[in-house]
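Both complexes below contain subunit A, partnered by subunit B and then by subunit C.
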Partner chain A sequence: MSNVQKQDLVLFSDSSVISKELCTGKSHDLITITSSPATSSFWLLTTLVETRLTGAPFSLNSTSVPVVTHKNMNLITIASFIHNAQYYTDALNRLKLGPESYKYIDLLTNFVIKNIGKPRAKVLSELLEKFPQDSTSVVILEQPEVLLTLLDGLTSDELHRKFIMPLMQRCGLLIISTNINYSPNGQTKDAIEFSRFVAGCFYKSIAVLSLKPLDTGRAADVTGSFRITRGGASNSHLSCHVVENEYLYLNQKENTKLFYR
Partner chain B sequence: MSTSLHNPSILLKRVLSLADFSPLVLAIDSIAQSSCKLIEEVYYNAKESGDFTIIYISFETANEPSYADIFIRAEALSLEKLSQTIQSYLPPSNRPTKSKFLVVIDSINHISTNHISQFVGSIASLHSTLLAVYHADLPEYQEKTLAHYPSSIELLNFMATTILKVQQVTSKNATEEEIENDLSRFLIPRGLNNDIFKLTLTTRRKSGRSQSYSFHINTKTHSYETIIASSPADGEGNENPEMLQGLSTFNLSTSAKQKMAKEQVELPFLEAQSFNTGGAIVYQFEKDDDYDEEDPFEDPF
Partner chain C sequence: MSFRKRGEVINGANSGVRAVPGRTPVARPTIPTGRTPTVIGGRNPVVHSPSTLADRLDRVSIRNEGKKTDERESLDANHPGVKPSPATSHQTTSTGSFHLDKVLGHSGLPLGNSLLVEEQGTTDFGSILCKLFSSQGIVHNRIENSVTSGNTHLIVLSINQGFAKELPGVYKGSRKDIRKSKIAEEEAKVTVQNLTGKTNAARSNDLKIAWRYGLGNESSDKEGLGKPNLNDENNYSHQFDITTRLMPAPSASEITFISPLQPVQVVLNQVEQAIKKQSGKIIRIVVPSLLHPAMYPPSMFNLAKIMPILHGARSIVKNYGSRCILFASVSSDLLDELLLTQIENTFDSVINLEPFDQEMTQLLERAYKSQPNKIQHGLLHIMKLPIFSERGEMHVLKSSYAFKNGKRKFEIEEWGIPVDDIEDTEKDTPTHEHAGVEHKTDNTKVSVEF
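And then the complex of A and B:
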């Protein structure tokens, strides 16, 4: 596989990863990333941060990353329920992206202590207020489905209506990374709410990026497959369209390589 | 009944342009093919046929569609408040008006099962058509208190006067089973949510009779192609001699002369079926029968 030519990552028909049409302030869009513990989406999230800040995913092709000179923290906001600030800082420092070029919001540390006894609507409203109101910005939100278990009685519909939809309104592009490694066929209330949440994200998305392990099992030279497909939302407000594609990818210690499938 | 209504394409055109009064049009979709292209197609046809005011109720659409005259964000509104807001834009049903209203709901799944009929009843009126989108693959938890109550889709199917079911056109590379298997694991195969999709139209007349037709819709060219389903009975009647070749050394095929002779065979009791009264006995005398003409009780009829 090492002799195979590496491929550039392209999501939109204007040969871009994050199209310039997406963050003009005129529209609010969603891209959903699905992953599993075996195929973590962290490399893709850092690649998207890099693309937003430098204009292209240079690290995927192991080319030298240009130094980011601007200090506009509103270009991209990262909010996570599973990774702390240090985790992102270390990963992005390796890509020569300093903490002054992006904004990080820690959503999980002391979440229960801070919010115990508060009504669900108030907790969601306070979470929302942490995000900047800027319809030209990109927000990366990692695993918001954790809220379904953190807030007692919270339903998928309530999470979408009181947190995801208002958050979409606050930014130009929302990228949600969600884990689909649970029993989707279960008929318990929790399983149904999780499934409903993911399906709800698909319907709102203009693109769905799926990371999944190989069906044939583990391989030394391939970590998993990465599929780009259209979502259920209308993209008639854009002149470009999502380029459906499927890659194989290999996570290495320092970088990730993409290959056409 | 006009003959034009028997032409499926014309019927579809009339449904999409909202030419016939239909209080509730139900669009059933799935993530394999969402109904946003269908709604755009309804708008394309409706704007040609007349003046419509389109009220768009958004539960999951962040961007206001260009065709929406009134855009209502429903995520922050209670059901009662939402119903009041919609009604404030609609004319009273008892007052005659020339203008028509189309109320589009992008996901009626967000309205709970026990409120859905009341909500639909409050919007659908003589002057407005409700176009409600229902996502068939959005799982729904049935509360134990509503265990014996119909599900949302059963209620909507019962109330809807027109049902538009949107499905993906399966590519040659993947079977429907493979696509369903992938979707059940939240993996979206490539080639879905396309400009070309399959639409199954079911219309209900006042008499209660329903008609169902399938189409291939191309939203780029706005062309509709009727899918003519081949019934299994047709296939049975058509004997294909090639299928019988090589199966046996016996001659299994039938010649034209043999087929004609087979068709002319008169099956037993056909004569009995021609009696309108039914249950009549057909009796034919034979030479050994003992029949006394003078005995009135001997009459076999």
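And then the complex of A and C:
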């Protein structure tokens, strides 16, 4: 794999990762990232943060990373249910992205202590209030499906209706990272809710990025496959379209390389 | 003799000043409360009014507020149970099993991370690992010459209060070594028998020449066998003998039991309070046999019941990431797929133990007939590794390792299917046909009976 020419990441037909047409304030779009525990999407999330702040995924393309001069925290907001602020700060500092250039909402620390026992609608509305109202901003939300396990009785439809869709309206582009490491054909009530949540995300998305380990098992020179497909939402409001593609990628020692499949 | 009420301040309030006789104290501002400074040698002591002192202290406290919280969370730099990971330089601590430490890729479990041991089938190897992990913490805490009184605290999320008494003791060598150390201990005791030298007669004769070379001092060294020393690098990881018990059993100052069956907020608050109380110590949180039907009611098998506890525990471990680790074991056959994957999702690293079935065990017994110590007990699958998997690296390794649990160690080694020599030799022998006939007749018999 070392002799194979590595590729730049492109999601849209205007040769961009996050198209400039996306966060103009005229539309509210969604991109869904699916991953498994074997192929965590963390590297992709940091790449998207970098792209939003610097204009391109410089670290992925191994070119020198420009220093971010603007300090507009509203450009991008990161919220995670499984990582705390320190984790993102450390990772983004390595990409020369200081904490003053993005906003982080910690949904891990003390979330249970603060919210358990409260009515579901109240918890969801309080969560929503934490996000800035700016239709030109990008919001990255990591593993919102965790809410289905933390709030007793919460259904997929309720989560979409009271949290995901209002959140989409608050920003220009919402990027949801979700973990799908279970059988989509599960028969239990909980399994159905999880499947419905992911399916709902697919329908609302303009693009779906999926990270999967190789079907053949572990390989020393390939971490997994990275597939870009169009989602269920119409992108007629954009002059560009999602470029469907599949890469192989290698994630090693905090570096990621993409190769065409 | 004068009688004063208890608590009354001597020379208090506005009374005179204590002074060296014959010297005149220098006038100073009066101090309304508190102890009056003593004048020695006629020098003027620097006196601050309480208000200014309090102000200064306040200012210091404000300035160092961030630093104070860091100090509360920071760890003693000389902690014998912590060393940097060779892979990522994160501070790591041992799990109590040298081989498991190695498999995790960091020579231990990095602080601020969690490990889940899943187990298939009805065996209970996971609880052995739990006990090793717990014992390791207690042994670290008991290391002599430690700067502070203790350096590690164990929090057990379980209703099994007997867990503390089940922890294995440190392996003290073979039977021969133990016998020798016992003899040395007996001889070192100050008893009439020892002083008269009756028992030591033979030994002292042997050492008549040896004392010149200091060989007699060996016994004092042997006394320390099994007792870890602060300067010894081996203190990072110990070897445990699962047939013995940790003596004395961990006390309340070393171990805190919290029932996971209480309301979630109570459980999490109790865990956090216990961590805050043990400032500067490594906190090892252990959840042995998570969701074991004997301990957990059926309602806990609901996602909305168990996940808040685990999510909260993850939050605490990450919040006190510089000195906190979490270890849990679970029987995977008892849980449905979704619940198991959601539990896995809250842990930073996951390993899966798959004990061999009877046929495989029989094959191994045949293959290692002359070397029974080599018989493995099952396969170890790696599902997630701490730090690496979170970054996005793919570290799923299935059927690459096998484990075997012995008296003194939980060994993990690379797995290879052994060659069954007996079957081959049987095939090669001239009695093959005869054996085949016998086999055939056996089969016929079975079918007729059926």
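Simple rule for what comes next: the second predicted complex is superposed on the first by the 261 of 261 C-alpha atoms of A that agree within 3 Å, B and C clash if a C-alpha of one lies under 4 Å from a C-alpha of the other, contacts with A are read in each partner's own complex, and residues count from 1 in each chain.
Convention: a contact is a pair of C-beta atoms (placed from the backbone, for glycine too) under 8 Å apart; a residue touches a chain by one contact, two chains touch by 3 or more.
Values in this document were obtained by computation on a predicted structure and should not be read as measured data.
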{"item": "Which superposed partner A:R94 touches (first subunit B, second subunit C, both, neither)", "value": "neither"}
{"item": "Partner chain(s) touched by A:K130 [first = subunit B, second = subunit C, both, neither]", "value": "neither"}
{"item": "Touching partner for A:R161 - first (subunit B), second (subunit C), both, neither", "value": "first"}
{"item": "First (subunit B), second (subunit C), both or neither touched by A:I113", "value": "second"}
{"item": "Which of subunit B and subunit C A:T229 touches, first, second, both or neither", "value": "first"}
{"item": "Partner chain(s) touched by A:Q252 [first = subunit B, second = subunit C, both, neither]", "value": "second"}
{"item": "Partner chain(s) touched by A:K122 [first = subunit B, second = subunit C, both, neither]", "value": "neither"}
{"item": "Which superposed partner A:N84 touches (first subunit B, second subunit C, both, neither)", "value": "second"}
{"item": "Subunit C to subunit A touching residues, read off their complex", "value": "264-265, 268-269, 303-304, 307-309, 311-312, 314-315, 318-319, 321, 336-339, 341-342, 344-346, 350, 383-384, 389-398"}
{"item": "Subunit B contact footprint on subunit A (complex, rising order)", "value": "27-30, 34, 157, 160-162, 165-166, 168-169, 180, 184-185, 189, 192-193, 195-196, 198-200, 202-204, 208, 210, 212, 227, 229-234, 236-237, 244-246"}
{"item": "Contact set on subunit A toward subunit C in their complex", "value": "37-44, 81-84, 86-87, 108-113, 116-117, 143, 146, 148-153, 179, 181-183, 186, 188, 190-191, 194, 211, 213, 217-218, 223-224, 251-252, 254, 256"}
{"item": "Subunit B residues touching subunit A - in the complex, by the definition given at the top", "value": "29, 31, 34, 36-37, 40, 59-63, 65-66, 73, 75-76, 107, 110, 135, 137-141, 184-193"}
